[in-house]
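So, here come the structures, one by one.
Both complexes shown next keep chain A, but they swap its partner, so chain B is in the first and chain C is in the second.
And then the complex of A and B:
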């Protein structure tokens, strides 16, 4: 395999973080993968915490009191924003996968990400002010 | 744009192509399921109004029990299968991949079963005492 013979150098690693040669498709992949890993970790923690319900209402409610802290609400906002980014980018992936709108995938990506930003801002304002 | 020609390709129906297809199908289902869930909990009910009594009031209704089981099954399957795809990008040894497939399938099934069991039996639990 070629990857085994290729030498891993510092400049090769640094190039990985260089945004100058990163195109729209690369950004779409990075956004999709980072949000995917974040959402999966959140989902697992979410399910584990729901297990507190089995210990009775007091155990659950005392946990809910902790996560009313603004730091946790901000974390929750990141989950919501990640859900919008991953879901809306997912709409593009699904459409393109079934051969719909393939020539317009760049426009679709930027359009859907604009929707994700607007939706996140609206929900974010609601989460922090209500 | 250059002229394109279409050609029919026979795609083998193996584990990977079926998993690829179901990532799309579950994705379509999750768009209404997850967004309604998020908007309901974080905006309509609000993160500050959620407590065990609220969870109990929802799991006392069959519609929300079915909704939450679908949400759990599809979302966790999509997440674990996604994790499998991430691992496949870095791990190439077929014997490792086989054990990853088996391990993640068991992990998904156990967690989903515990969750679904809890939702089905919620009305008999400490939540309703």
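And then the complex of A and C:
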């Protein structure tokens, strides 16, 4: 029998971000993708903002005044949290990828995410209070 | 008299050239019965056109893998009471990441062909098997003893894998686990097949394969171990070692 070719559908792509009925490993997978997309978007925004420097100090300073708004500070906080989540989860992936701690991947995930939350809260408090 | 539950089975139906749909069937089931028993009752008493696969009824053939309430299950060993409650719903869908042939039957020919390329074995020596039974074996004592391989080629790991969902070319957990069990030292010709973008390096550590495996194969661990084998083999090749 000739094998039928399977098409990749939008619902298959959306499955990457669906945590229902899945376990810790898949939550880690989802968090890594969401944080990676967020950090990539931020990187491009960052480069666009740096481009303001080429338009002179006035353009840059006026833009900086805008981003002092708490909404933008919260956005920066998400970047920091995303960096911690992605980086620490990445350490778990690297360790597991070479057979280190595979039976403890869930504990590694929860432990490293606890570190990410604590670190994000500490940085967040400083960002909103200093 | 044993307790009877009223269960609503919601079954995925798809016939060639027709739009997929879900059909509902109300069944009287004992909580200790298995999900597959309900599917068979629907076929026997409600709709003879329902197509599904099964054979052994004791998790050896691997034919009855389906999606039960959104999770990959071997339906012959999944009890009703473990997936729903009295008056509850059992939603049955075909496995994901395989083309649907009809209703709950999927086309697994590509998967089986890859398992063949991986030289997957149905029988392995005890010395190559996990020692979860707790029996301590003397060195070399198991050389002549064999058992059925853990992997029953049910395809549940392929269905659960989020990477396979978006990349049909990815070899997938069961195939890579079979290569790991064989070992690249034994079959060095498989190195180039698994050491590429759609092979062992495509896995992104979601561990869903291990979560749904009904047979303790632990495909995720085996993929990670295969990576070590690949790196070791590459280093040996670099220095001209066998």
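Methods note: the second predicted complex is superposed on the first by the 110 of 130 C-alpha atoms of A that agree within 3 Å, B and C clash if a C-alpha of one lies under 4 Å from a C-alpha of the other, contacts with A are read in each partner's own complex, and residues count from 1 in each chain.
By definition in this document, contacts are C-beta pairs under 8 Å (C-beta built on N, C-alpha and C of every residue); 3 or more make two chains touch, one makes a residue touch a chain.
Just so you know, these numbers come straight off a predicted model, no measurement behind them.
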Classify the contacts of A:13 with the two partner chains as first (chain B alone), second (chain C alone), both, or neither.
second
According to the contact criterion defined above, which of chain B and chain C contacts more residues of chain A?
B
Of the partners chain B and chain C, which touch A:78 in the superposed model: first, second, both, neither?
neither
Tell me which partner A:97 touches in the superposition: chain B (first), chain C (second), both or neither.
both
Which of the two partners, first being chain B and second being chain C, lies in contact with A:87: first, second, both, or neither?
first
With both complexes overlaid on chain A, does A:31 touch chain B (first), chain C (second), both or neither?
neither
Which of chain B and chain C A:50 touches, first, second, both or neither:
first
Could you say whether A:22 touches chain B, chain C, both of them, or neither, answering first, second, both or neither?
second
Set intersection of chain A contacts, chain C complex versus chain B complex:
1, 93, 97-98, 103
In the complex, the residues of chain C that touch chain A are 69-71, 96-99, 101, 107, 109-110, 113, 162, 165-168, 204-208, 210-211, 220-221, 224-225, 227-228, 231
Please give the residue numbers of chain A that touch chain C in the complex, ascending.
1, 3-6, 8, 12-13, 15-16, 20-26, 28-29, 32, 92-93, 96-99, 102-103, 105
Chain A residues touching chain B in their complex are 1, 33, 36-37, 39-40, 43-44, 47, 50-51, 53-58, 60-61, 64, 67-68, 73, 76, 80, 83, 87, 90-91, 93-94, 97-98, 103, 123, 126-127, 130
Complex contacts: residues of chain B adjacent to chain A:
1, 24, 27-28, 30-31, 34-35, 38-39, 42-43, 46-48, 50-53, 55-56, 72, 75-76, 79-80, 82-83, 86, 92, 111, 114-115, 118, 125-127
